[in-house]
Amino acid sequence: MKISKLKNLWHLPLLLAILVQFWPLVFMISTSFKDMNQIFQASLNPLPLPPTLVNYETVLNNFPFFTFLNNTLFIAIFITVIKLVTSVLAAFAFVYYDFKYKEVIFNSMLLTFFIPFTVLIMPNYLLMSKLGLLNTPWGVILPQLVDGMGIFLMRQTMRGIPKALLEAAVLENASPLQVLYKVILPLIRPSATAISIFFFIDAWNEYFWPLLVLQDKGMYTLPLALQMFISAEGGSEWGIAMAVAMLTCLPPLILYFVSQRFILNTFMQSGVKG
Amino acid sequence: MHKSNWQAWLFLLPATLLFLIFFYRPLIENLYLSFFQWNMISPTMKFVGITNYHSIFVSAELLKIFFNTIFLVFILLILNFVLPYIYSYILGHLITKMQSFYRSALFLPSTISLAVASIIFLWFYNPIAGPLSIILNSIGLESPRWFKEDGLVIIAIATIIAWKSFGYNLIVMLAAMVAVPKELIEAAKLENASNWIIFKRIILPMTSPTALYVFTITVVFGLQYMLVPVNMITQGGPNQGSSNLVYIVYQYAFVFFQTGKSAAFAVLTMIFYVVILVAKYKFIDKKVHYEN
Amino acid sequence: MNNIKLTNICKAYGETVVVNNLNLEVKQGERLILLGPSGCGKTTTLRMIAGLESITSGELEISGKLFNTIPPGERNIAMVFQSYALFPHLTVWENIIFGLKIQKLPSEEIKKRAAKALEILNLTGYESYRPKELSGGQKQRVALCRALVKQSPYFLLDEPLSNLDAQLRQQARTELVKIHEIYKPTMIYVTHDQVEAMTVAHKIAILNKGTLQQIGTPKEIYNNPANTFVAGFIGTPPMNLCKAHLLYDKIFIGNECLVLPEKYREVVKERSTVVVGIRPERCTLEKSPMVEAKTVFVEDLGNQRITRLQLKTGEEIYVSTVDHKYSFALAQGFSFEWENVCFFDVGSGKNLIS
Amino acid sequence: MNNIKLTNICKAYGETVVVNNLNLEVKQGERLILLGPSGCGKTTTLRMIAGLESITSGELEISGKLFNTIPPGERNIAMVFQSYALFPHLTVWENIIFGLKIQKLPSEEIKKRAAKALEILNLTGYESYRPKELSGGQKQRVALCRALVKQSPYFLLDEPLSNLDAQLRQQARTELVKIHEIYKPTMIYVTHDQVEAMTVAHKIAILNKGTLQQIGTPKEIYNNPANTFVAGFIGTPPMNLCKAHLLYDKIFIGNECLVLPEKYREVVKERSTVVVGIRPERCTLEKSPMVEAKTVFVEDLGNQRITRLQLKTGEEIYVSTVDHKYSFALAQGFSFEWENVCFFDVGSGKNLIS
Amino acid sequence: AQKQVKSTGGKVQIQYWHVAAESFGGATVKELVADFNKSHPNIEVVAKYNPDMYKGLTQNLQAAIAAGKSPDVVQMGWSYLNYAADNFKYTDIASVIAKEEPKDKDFFTKNFLPNVLALAQTDNGKQIGVPYSISVPVLFINPELFAKAGLDPQKPPKTWQEVAAAAKQIKEKTGDVGFFMQEYADNWAQQAIIESNGGTMLKKVDGKVKAGFDTPEAAAAYQLLADMVENGSGLHATNEEGFQAFLSGKVGMVCTTIGKRANFEKSAKFPVMVARFPVFQGKPLKVPAGGNFLMMFSKDAAKQKAAWEFIKYLESPEAMSKWSTGTGYLPPIKNIETRSTVFKELVKNNKNVQVALSSMPSLVKWASFPGTNGLQAEQLLIDARDIILSGKDSAANVLKQTADKVNSLL
């Protein structure tokens, strides 16, 4: 094919999109290295001159940053692990067994993915309150332990395994758990990893539900800690807020950078259809 | 494949339980609560019949909120459905270099917390001191009050959501784009078809199932994501200008402490969704080309 | 007595019957080949025997015991899948001992068996390779290996060679027969490749649309097809089938009046029409032929020429000749010998001789 | 003069050269078949001609004009893809008229052409079907139809029959030739099926690893392969190739001392070793053979028997016989006629005669 | 952790809920609690921060009470006074004093001005808590922008007419915005301007509370703000945006709580000045008290006593000075300048605090909307503010309509 110069014009909209998508990140990074004065003087200038670590120092010295970090980690990891387990088990049932109303049950699970979370918050909040789980990590964790999308993605991944492999294992007298353990899990590991990372990032970033459930600062997750610095009665501390934002975004970003190929491929291959 | 029902159920048990408790039970409870007047603390709940629904339907609020919802959905569809569609075509079929770079880079914001995004955009849209206003000023325009004008506020909120979910939608669309067999496009090229014709006559129909999926998640995720920026930036203002069917549920429950009306709104919202889903199956699915 | 016996086996998916009243017996040490067009139910039959598919009705007996409801893992059947079904995350060695480990055999025994099988199949040295590092032929041997180590008396193979290219295929099927001769398991082998069927089988069972058409030795099937379906299915080009009218001792093939020998008149009995079948390679092109015909088209395959002739009735006949034996350019038609002709009933398609 | 001419065409992906210095000419109305093992560059060559792949170096002339940089849409070439490349969301009719509509032909003309093509290909009545509702053979015909309606003087086909089963394939290729005879386009046809190549081609070009091995009529290629690659590639079983030592007028095949006729001594010249090639069907099994050999294995394919013989040197020879002609059980070896023997250079593999 | 009140080793443990974010008094709370715990070995106060200000705290309180785990001492926002009185089972501090510590019986009269004490009383005069933090609306000024516009920052506008004129001048001379009034999700600052023009927020008709803001005075006050926005000299934006703009030097005056003083002084690149909340020509100054008062929710006697001890400590001049320094709140107690040397110093050194203190005698109650729909009614007034400021309709019309709606809700 003739590669014309015109073809390169298509890069323009893409570069524009990159610019738009990256601006907020650049702003966040640069502001986090500016002191109060710089922030309000030159908001367009991305280069903090001179860069200062004062915001990070404040965050690390004056705030229980590591408590927030621990809380977030605990909640996100717990959710990720359990969600992975529930999704894998359910997806396995859908892939391995044939039972009555299979598709109906599957669809009713998938459907939950389409229910807006807000519609559920009040009853769930009341439940947490009845169980005495408000202001505990468990209150945050419980309603997030299962995910229609997760089951869907897992099932999709497992469907990619040739049925003959499972049958070969069955012929060798492998029990369902052995099939899951010895055949399916090793085979879907890359996708499962990607999906878990996505679970983790989602749980890590969750803002709204923890905001309702957690009241005690000692319980806070990082995204919640953020709003301590914005719209506070005493006024907003932009530099500090951006430093916290940076620290909040860093783990997901690192995870993404490390595993982006997996993640993108998993979404590309899931062959989602409505 | 294997018929042991009870075994299958054993594997399904954890997920099923959790779904029942945290997804299906609340739907029912909403219906129940919507017939009562209550403030979440008082030990007694007052049965009021359909009063809550009645007061919702007679208020002017409902219309505005409904309109806001539709408008938000409309903007989101442009930003998160049409735009990714076009971009995925460019990315999948029109350029040959740097594909994976664009892919990775454009997906990146999906990993960022919406709370962070909201704060950054709050600054971005500042009508006096924000970068956008500085740019607008420099070309002689005055920045509008993004978060204080009806309509504009919805657009501003929508851009925050778009920023977050553009990448994911793009990737999903892109997957469908590249799944269109290269040979089909080449066959069309041999017939001297232009890029536009290829897009219109081949890509569009062949990616329609995925497009429908992206369409749906744009609506669903959009209304879900909206909660964070609205709560952090506008609290539904100005004058309910950024409120919508989903936010109002939260507002009545946790700002006004009127569980009955909140629940009633939740029920209405679910009905709205069901209508959309049914409409999707009835009208849109017919026009979609499904491979299987 | 490690035989496999199917009695009136049926399989239906909802309304559609996929295997219909199948009766089949495979004796100990025998190689039975299931042959048939795509979708005829070969795989389904195999999977029912393996227990991977439930049996709708009928009885499956293995070694004289009713096996209908025994779970697949307990049937002690070794199966080689069309796609080999090697576990891609395991090495050759791990693949081979997968089942033995689940059976919890002593590790000494496992090692012994696996080493032996690897040696027989010439795979020693490949133990730590992963399937994707192997060629098609090697993969196929690993799959065989995994079946071998089970030392199961029953071997089921579902188109084990279909993924190989022509050259490898020939090698592999020779190997397969060799291995069978060593272990002598009772073997059922599915294919839709005729050459494979003809060369490997002790007995061939031909299926069509879920119904058994014929079961017999390759020779029987080739020379004496039970009906027109089998006749048209076996051989490339397949047996020529054309309608012939009968009048007293005369038979009209392509409007040509021939005398039907006494012997065959008993076969066709009172019929006024019959379908005659002659294999293309049993026809000869002649200058003064028994049946006159026009040469329409000649395909030269190098080692063999296919001549398409058109009879006066418009019917077409293929004649296959080895080119350096005949001068076909002058041919005015074809001849044959009566003993090479099959007679089929027009309605049912049944072979009237067998 | 609708010919296609490739001069020194090369195609490289980065460092790897996929097509190497290819020279090829297809005359108007000719059917050229590109044959070669998988990955040899057949598809790439075709795609360069269609303009779907850029040409690294060399010249592509179509009708005498340099076509290297003309965009594919303007070349007016019809192409049938291996996978058919039917638009799944369009009906048969819409698929066929897709290109015509883009060309903005008057709708009368479109209708006329499409109806004609549908009729020729026996697809009338299927206009409103979608590709997924068609069988493999029908799909293939729709793809052909789409190419036909263009009434383009150039036809490129990339393994158009590879997805069909044996029976259909035979039908389809006859049809294809028939259609070609009607329209007489200049045609390049890619396949790796030999039977197809032998029966369809006016000329065959054999590629290996991007390099042209031989170009000639099917007969030339079969009887006189240019080198050992072609010899081993064409024919099932392929030509027997074995090393022979020469001493004065003697030639040693399988340790058997034979007298090489004068005529061939000139061919082999001063060489002390040579590779001799004999087609399996040109060998005969004899009780008192020219070359003694042990029968290792006999495969009965019904219409033909393949006998594997082992020479004293350990080399193996296949002999293909039509079963009712020879009694092979008593065979002590095989004979052949010198005129059927090819001689190849040991180093380069070149045929010494041609 | 939600350790409920447990008596460990004879210690009474009580919970103190506050809204002091880390950047706004959080450290002071810590210091005060530590200090108290040290000096009261038999009591242990556990402090708990509640995000999202008083709304957040009220939400949490709802939940805690519903779960039967109410805290002991709570910072309650002034505007939540009626809601708290109606919906929460609080502990009557006066009766605790009478029962447990009779010696403190004149605590209230001794420490507070009557107008300040009244802030924590319901409409029928019931004292439901103790005033703790007071903030007043003031005018923050950017003197550099003033100078640039040819205005004298030393003579800040005293009346709203002057504010409007100054804003206009700033806009015309510098192109920057002249004025911004805070737009929190409450009507606090707006109440100040309405009432300073002689309007009211709520009125009582036949013992029932009705909207009182549909008067010409209220409309005029609001219209003045709307006109500023209309002609470009005033800014209508979210709070955060307004403050960002001010700190970036792009707004001349910001009307907001004195509580922002410390943050503004630290963040702005110019010397922030504070002026008193302006008045309308010839009308008295009325500023609603922002901040909070302390309420008690202890149930058993021991904890009630401990809670009272703690409240007394928080209201002591020393603690009060620390609190005021740490937050910028004004102390509600009488004569603090003379009772605490720390505070004396603070006032002497910071003119801005002085200015704020001078409006203390003009304190009035922050209007609080009663009833189950009270919060929703207040939201209506917030919505009205948006409509008026965006210039969609005249203030008079909007206030009238809103009053009708509010009346139907109340």
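By written order: A, B, C, D and E. Residues from 1 in each chain.
Methods note: contacts are C-beta pairs under 8 Å (C-beta built on N, C-alpha and C of every residue); 3 or more make two chains touch, one makes a residue touch a chain.
Remember, it's a predicted structure, so these values are computed and weren't measured experimentally.
When the C-beta contacts at B-E and at B-D are tallied, the pair with the greater total is B-E.
Here the C-alpha atoms of chain C line up with those of chain D after a rotation of 175°, rounded in steps of 5.
Annotation: 28 Å between the Cα-based centres of chain C and chain D. Centre to centre, using the average C-alpha position, chain A and chain E are separated by 38 Å.
Once the centre of each chain is set as its mean CA position, chain A and chain B turn out to be 17 Å apart. Once the centre of each chain is set as its mean CA position, chain C and chain E turn out to be 92 Å apart.
Each of residues 51-52, 71-72 in chain D touches at least two other chains. For chain E, residues touching at least two other chains, in rising order: 63, 66, 240, 244, 247-248. Touching two or more other chains at once are residues 3, 40, 43, 125, 170, 211, 224, 227, 230-231, 238 of chain A. On the chain A side of its complex with chain E, the touching residues are 36-37, 39-41, 43, 62-63, 125, 129-130, 132, 134-136, 211, 215-218, 224, 227-238, 240. Partner chain D is touched in their complex by these residues of chain B: 181, 183-184, 186-193, 197, 201-202, 205-206, 289, 291. Per the touch definition, chain E reaches chain B in the complex via residues 55, 59, 62-63, 65-66, 87-88, 176-177, 185, 235-238, 240-241, 244-245, 247-248, 250-251, 372-373, 375-376, 379, 382-384, 386-387, 389-390.
Across the complex, chain B meets chain A through its residues 1-5, 7-9, 11-12, 14-16, 18-19, 21-27, 29-30, 33, 40, 87, 90-91, 94-96, 98, 102-109, 111-117, 119-124, 129-131, 134-135, 163, 166-168, 171-172, 174-175, 178-179, 209-210, 212-213, 215-216, 220, 223-224, 227-228, 231-232, 246-247, 249-250, 253-254, 259, 262-263, 266, 269-270, 273, 277, 280, 290.
Residues of chain C touching chain A in their complex: 50-52, 72-75, 77-79, 81-83, 85, 87-90, 98-99, 102-103, 146, 150.
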